[in-house]
């Protein structure tokens, strides 16, 4: 890419903790080191597609206060639909990708830093490809399912929130001799579930990638009781299916929805299979938010700085990544290939089993 | 009551934060100041009803570590049914109240400190009355609905948990321009909801005690948007009913359950009445737990000490309470009269309305 | 006071958590309910004394994000000296009180809400008296030493920070069998120390108001060790003097400063008097800050709303206060009489002694 | 090593968060998977050197509650002196290493898991070498200065505590327009300082490994002010020396100690060189403690499991380590070579400079 003077930055997809820290680092690096102008695009690709253009110039002063520590994204990340098949008021769809390219050019930008997850990064890449726009990616997602990086921004904060929930559920489980089931985020990947299960002291961790048996869970719980504990903790990713592989939210009997989710499914079946009371908690959106963890702030800061350097060095078409404890650059085409799932022989799966946590059937 | 040498202490009803801090304070005071022996009864009234008796002698050494800070109750609080109509394996019921009295006498106890909420305090009083057992009560409940006291142990910790959830939901609501609905505990009373709504910056707080209109909520949200905010936060107590006064979990259409709860009900209706996306979060059991707040520890400690003094001074049949910033004693018959609900002209309802929070229909 | 249309608000004295929450509540109430204009004065009285005037109009939009939760004061609270004897560059002093009055008039304000502590409230009252300015006070201070109110904004957050420090010091004390001494804020009053000592599980709490003996502390520590604990926690307010009543920072031997503070003094003497290692921690400015506690947010919100109502109702010359679990108004002349110290027979001193905490000599 | 049936585990050196989580993981793995007996040695090497032996058998039941989340080490880690030159009551020293070996044999142990830092690991290795004792190490230290591993247990919790302190100091710095200086742990290595400076949003980070100039710091602060910020945050490791390379605690003028530490030194010099007020906070022992971070619990759990596997597989003389996002084994002789300092071209130093943080002289 040619000489850069004006840099755009946007957040795309679901929000998470640490996005503002990335934007801050991008601005600090671009302004302080390179003397560029930085423009924050409002509401992801929408800000460039709509007229008037929606953006704000970012200066150092905006970050003098609390921004590093604030959750969410002050640029917004609203999604109204696929830009290539954008839903129109009359019910039809329309390709609005050229609006995006045109917006980028109207702002006279030289490059775009896209902070996004697995899905949104792919769409932004297509939009940028459409206009030969210089793009550098920064991975973010609470699910940690972006290919090419060990960690995406927002993940460890989510794990912290889930761990803290387990810290709160354990004493009430013990007081009442209950099995507490915690349903956590993770539609495709079990990263949050396996991390939080270890750090929160769970006895069972169910992930979408590994099949399980209800009887094995019940056996594990009975074993824990035999060892002297009067309660048990079960962590389950929302994407886990019923034992027979059907979605838990659609399990039907006589044409009716049977379960509100996998947590409820497990609650009913484990209550029946053990002599313990069960309770289910679904954490939901609190997992997205909160003050970013120290690690997410470090990652966000290092990513932001490095992404700007990548722009300066003409490494368009790449995403900054953290791999083997170092910053690296990964081609976007190696990233935009669907969610990165948890490998059944991941070090943490092994560690979890080593602790005695039931993580589904071995060898499955 | 005569000379006390052996004191029993038990926890009853749902667990909450600060119970262990009460037990610690009771033990410290009874052992250090009076030289009594203290016995912790396991699993509430069950520990005295079952044979062999289930209890443990409590000594100072047990509290040398972390107990002050641990959530739940290490004595347990399992409830298998009403002691006066105890469900038997064969399906019949049996009055087991004399087993309780007999257990108390077998342990040669002189008095009992009962840490309980509205409902469990009443049952324990009946059990103690049955055997002319000296009883002093300590109020605990996350709902803060015990009569006679401004604060019960466990309440402020629950409010903290809910406030923290709102702190996490606000940035994600802002990032996505959403209405976030948080369903919190409070079957009969809206204390948690009104406290957390103010401290967590909500725009709407619905409580069981005050009727509301969906249109008024929608109007409030639109007003907030007009003022420049792009999102809104709604806190609703689980006991709030649908607009027409039917329970939200039973609202039916053609014989089917319509809503999973009041949060879901509001979510659907507010999405229809405003142009904003809505999301609902149900916090559940995490509200019970967690490290007790500073205030709950202070309250628990002051209550525990004073309850023992009340035993020493022969004030059986009373509950220790915190009223107008001082410790007082309240006759149990003034306490065991059902849940203490939120008055529509409570100072916090007024403060909430003063801030512009919608708290249901005024004058209702 | 006449019809109010333009309200000023300022923060004065040391910052604490919850100040922004007060400003937010003042703005919400004044704008939403009364339709007034609200002006935030920058850096306390300085903003009205300097030219050009330093202020910003406060609108609802400024509080749409995180302000309720942010520590410190976004209006600033810089103090360059006594306005009645203001230090000038040439070394002389000058009465600048009329500059303040003139600034108030230049802004065409009708009244001023002053958020301040014991000392700064007094100066602001004198400034307002100078110009017959309508003033309503809101009490804030981490020390909780403002007369007329049970709680000032910022206090419980400070207690939380200190309690958390004790939660962190206890396990390291236990691991190493040490006496940990924590020096906390409180130059004149021991409110923080006594609250945190109870909630943080300390064995000793020293406050400026109650004399103590080093031998009594050593005896208490030995007693705790005998009971089975291998460590001890001591909380001491910075304003506590050496055993013989001399300031710890000035205790001299042969013309040299002997101790860095009361914590260090205790550390040396207790190490000599017991067989345990001692370590001292001085928390310092972290006690001022941090996300405000739930209770400080409630207090700040209720105070802010009520202060505006007091302005509307012509209650100039009063401070809003929280007493006996209700909002009341207190004449400023009853407030500005020096710091409110801890009474030796305060309920918490009694509770602390009831737990076995050494709080200095009884009957002293 | 031959067949293992009885495993010892001990903690050595300064305590930190996550030690109990390691002990729990060791016990879970050894008992649940291998069926061994596990013995916790009390107070590090002292427990095996003293008679009677001080230890407790560890069973699964001990960890059924809160142990994973508790800071410190319930086994204790008291150090009375170098076992090879143990200080005796009469002032002489004695080689007590054979007492240690003899204690190990008396307990009929087959191997020892040593949880220690840089210094204590070395002494334990010498003790084990003395008796040809099978030893596997687990790295822990808040300073993260153990060779051979990217992370030691306890480090990220310490960074969290320091980051949180910066989160609390920033708003008070902004409210009063101050330079806040935070002195953190790190006698030899600046890992805590550099991590926390980035995550806590500091403007200056001083570490023992990189020389600095006071004028450069003052210039950085002035630059920050020019950019629109009214305050600055400085993080400094306790091991940093004065500008001319003398220890800050010994800098003398006319035979007197001049500074209480490097924080105080910076405070005085920066106040003189800039026009801003300065304040210094020394965090001290709170950095050791507190509930372990999610990451420390993960690390502790994975380390504990793997250490037991290493014992089972005969990998005596090695330490388990986390390198490049995977568990590896490192020979103890590669570990016990003094503290691992921060490389001036560490990725985080680069990131910090990229953000504009002053980290001492470049190229120094």
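Each chain carries a letter (A, B, C and D) given by its place in the written order, and its residues are counted from 1.
In the analysis below, a contact is a pair of C-beta atoms (placed from the backbone, for glycine too) under 8 Å apart; a residue touches a chain by one contact, two chains touch by 3 or more.
Because the structure is a prediction, the values reported are computed rather than measured.
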Is the C-beta contact count larger for A-C or for A-D? A-D
If chain centres are mean C-alpha positions, then the most distant from chain C is chain A
Where the CA atoms of chain A average out and where those of chain B average out, how many Å apart are those spots? 34
Distance between the CA centroids of chain A and chain C (whole Å) is 41
For chain A paired with chain D, centre-to-centre distance based on mean C-alpha positions, whole Å: 31
On chain A, where are the residues touching two or more other chains? 65-66, 70, 74, 167, 170-171, 174, 230
Using the touch definition from the top, list the residues of chain B that touch chain D in their complex. 65-66, 70, 74
In the complex, chain C residues that touch chain B: 25, 28-29, 32-33, 59-61, 64-66, 68-69, 150, 156, 159-160, 163, 167, 170-171, 174, 195-196, 198-199, 201, 227-230, 291, 293-295, 297-298, 301-302, 305-306, 308-309, 323-327, 347-348, 350-351, 354-356
The residues of chain D that touch chain C in their complex are 11, 14-15, 19, 70-74, 76-78, 161, 164-165, 167-172, 174-177, 180, 230, 256, 260, 279-286, 288-290
